[in-house]
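Heads up: the structure comes next, in structure tokens.
Every chain is named by a letter (A, B and C) in the order it is written, and numbering of its residues begins at 1.
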Amino acid sequence: MIRPKILQFDDGDGRSAGWLLLLLILYSLPLDTIAKEPISKDLPAAAVLNPAAELWRDVRQRDQPTTGSTQVRGVDSGVLINAYGDQWRKFRMQQLIPVGGYALMGIVIALAVFYLMRGKVPIEGSESDKKLPRYSTYERMIHWFMASIFLFLAITGLILLFGRPVLIPMLGKEAFSILASACKEGHNLIGPLFLFALILVFSQFVRRNIYQKGDLNWLLKGGGIVGKKHVSSNFFNMGEKTMFWMLVFVGAVIVISGLVLVFPLFGQGREWMELAHVGHAIGALLMIGVIIGHIYIGTIGMQGAIEGMKTGYCDLNWAKEHHDLWAGRAEERGEALSNEEVAQLTHNHPLPSSLGVRTQEAGK
Amino acid sequence: MIGQFIDGPLWTFSLTVFLIGVVWRIAAILMAGKRPDLATPKGSAGAGALRAVFSRFLPERTVTTQGRLPLIAGYLFHLGLFALLFFAQPHIDFIAEKITGLSWPAMPHWAFIVAAEFAFAGLILLWLHRILHPVTRLLSDLDDHIGAVLVFLVMLTGCLALAQAFEPLRLIHLLSAELLLIYFPFSKLMHAFTFVMSRSYTGATMGRKGVNA
Amino acid sequence: MARMKFYCDPERCIECNACVTACKNENEVPWGVNRRRVVTINDGEEGERSLSVACMHCSDAPCATVCPVDCFYTTQDGVVLHDKDICIGCGYCFYACPFGAPQFPEDGAFATRGKMDKCTFCAGGPEADNSSDEQRKYGSNRLAEGKLPLCAEMCSTKALLAGDADTIADIYRKRIINRSASVMARGVSYRDASFRAPYSAAGKSSAKE
């Protein structure tokens, strides 16, 4: 008799809070049997429900917003239950940490396998006796500025992300806690500098990174990775350009989400923080993967590749093989210098004024 | 154990070395004296010195037209380091507790961090400029690099200890600061004090000659 | 082994905030930290209900799962506690907790939060019971004295219950049955009780002639 009545009421009036009513319904179902029987001790333990769990399940499942008012001042303090927290936990613990970890390990292993197969890509014509100015001092400065900041942020971030499964078993909780605190504070403080570095790098290199006609061809030929032949390219090749634009766009996502996380001052609640964390983590892991490849080419992957960023000058043969369009133009302009001249410019003697102008303009 | 050593005797030792060293270096410069200038003064040496000490805080025009980033980085680093060294709450507390017993108003925490960011950006860029630019690399000796690395270490360990909750991190910061203090008087880092003398010497010489320089 | 739980009965809670005050006083939490709060939904409207919320001492606590330094632990009584000497104040527990229980003493720029603070079920922390260190960092340890959390102990309507989950479930069930019985007796739903038909009070007065 009772059940239909309550249900009917519920159907007729869905406007006001009915979640306790739901509870009632739940308990009115086996009411006849429970009411007759002595309570609790005689019942099997499994039948004892946690009333708090019941209550909160109902809070969570009802249609109405779970936000109320409270005397406690603070962001989100009126929110009764934040269901996204659980989704965020699942993302972090079941997807981000295992998948991200294996993905990074996969990249390293793939590069190792590639290195074993291909070895160091040599300059085919071997080193020539001439060099081309490739990057100015300013360009190298901002590159290494960004590189040092990126490395610091990547290492501290990876320690915070993978520290619990990887480092705690090795260091113990106390020692890792000290390391993690250092990483957290360092990450938070240095983080905003990445924005500064990104702006400097973007404004200096953007013009040479606009996609051009030959780039599609470079992509179709796999950038010369698949075959043995070099693919023609301008100052930057298609891969470098793509890395640049990833750095710009993914970097922007990382920076913006990072600022959301590091300045909890603008009333952004937990949901924004969770979202920002997801974007930050995915973007950062993506960039770390790309940069591992970048570092691979610069260090052990290719002969002569790092020279331009180290000294400002690259080998003429290397330039002709990897950036032939630019190298051709630069040589026509008479920018090629002999190794002795370059040695003079970079090491032994102060800059002669005529050459000094040229180094400042190098790579433009 | 080692913590007590860093906190106590080593701190006293390094502060003593620093103070005696700085006084000794400055005294050596002052006692070196000046050659007598017999020419009739055409202007005031004192005014020239005073002018030079302050006017040199602004860059010379030829410098501003060359590399702008190193110039900006120089200001970022020096102003940032000055602000965070003397106006950060933890440093003021430390100075009050350990040295002077005096304290003064501190910057808000966010300003302290911003100053630290400026200092970091400036120092990294300047050091990169030092090793990447052919001329500055040629001019730099080991002392420059040790000084830069020590200052960077002090700043980095300070940044890592920002939570102010873990004793080992504070001790590492303190240890690096002590190493810097010991190294300071015997290096080019002394320019933090001697810039006054070099500027005023030039200023006085020129002022006496009636030259505004 | 007891499994400690909180339960707040929204039919009884009158939003007096005494549990909040009691908690602050007992544990001497810093300003800005609220280990417990009372949330009212539909405030001033039909169907208004209040709930006192704090850490629910979850059996599978999300905060403990996501903590990057693994500073959480569950006591034998089923109370979820954390070690402030290990906590780095990253705020991940705050993101993961559905109830908004983790609190931070600061919320400045550059994510300076300080060490996390939350309801301890008046069970202190990892330090020795009722030591001065424990008192300073975590507040009171009433459980060690055989007492239950003060918020629930002094709740005037006994809306907020704390204790062994089994016992609380019994009390809860008795209440539900009583309420259902009253529904049966009156023929109106409990929820509608305030609008029930008037007793025949016509002509009655408290004043005697």
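The criterion applied here is as follows: a contact is a pair of C-beta atoms (placed from the backbone, for glycine too) under 8 Å apart; a residue touches a chain by one contact, two chains touch by 3 or more.
All of these numbers come straight from a predicted model, not from anything done at the bench.
> Count the C-beta contact pairs for A-B and for B-C, then tell me which is higher.
A-B
> Among the chains, which is located farthest from subunit B on the basis of C-alpha centroids?
Result for the farthest chain: C.
> I'd like the most central chain, judged by C-alpha centroids against the all-protein C-alpha centroid.
Chain closest to the assembly's C-alpha mean: A.
> Report, in whole Å, the distance between the mean C-alpha point of subunit A and the mean C-alpha point of subunit C.
38
> Could you please state the distance in Å, as a whole number, between where the Cα atoms of subunit A are centred and where those of subunit B are centred?
Taking the mean C-alpha position of each chain, the two centres sit 37 Å apart.
> With chain centres taken as the means of their Cα atoms, state the distance from subunit B to subunit C in Å.
The separation of the two C-alpha centroids amounts to 54 Å.
> What are the residue numbers in subunit A that touch two or more other chains?
Expected reply: 177, 181, 184, 188-189.
> Could you pull out the residues of subunit C that touch at least 2 other chains?
As it turns out, subunit C has residues touching two or more other chains at 88-89, 108-110.
> Would you pick out the residues of subunit B that each touch at least 2 other chains?
113, 162-163, 165
> Within their complex, state which residues of subunit A touch subunit B.
137-138, 140-142, 144-145, 148-149, 177-178, 181-186, 188-190, 192-193, 196, 200, 312, 345-347, 350-351, 359
> Show which residues of subunit A lie in contact with subunit C when the two form their complex.
Per the touch definition, subunit A meets subunit C at residues 2, 5-6, 9, 16-18, 20-21, 23-24, 27-28, 31, 34-35, 39-40, 45, 48-52, 55-56, 59-60, 64, 66-72, 74, 76-83, 85-86, 88-89, 92-93, 160-161, 163-164, 168, 173-174, 176-177, 180-181, 184, 188-189, 261-265, 270, 273-274, 277.
> Residue numbers of subunit B touching subunit C in their complex, please.
Those residues of subunit B that touch subunit C are 109-110, 113, 162-163, 165.
> Which stretch or stretches of subunit C touch subunit B in the complex?
Touching subunit B from subunit C are residues 88-89, 108-110, 112, 115.
> Which of the residues in subunit B end up touching subunit A in this complex?
Touching subunit A from subunit B are residues 67, 69, 113, 116-117, 120-121, 124-125, 128-129, 132-135, 138, 156, 159-163, 165-166, 168-169.
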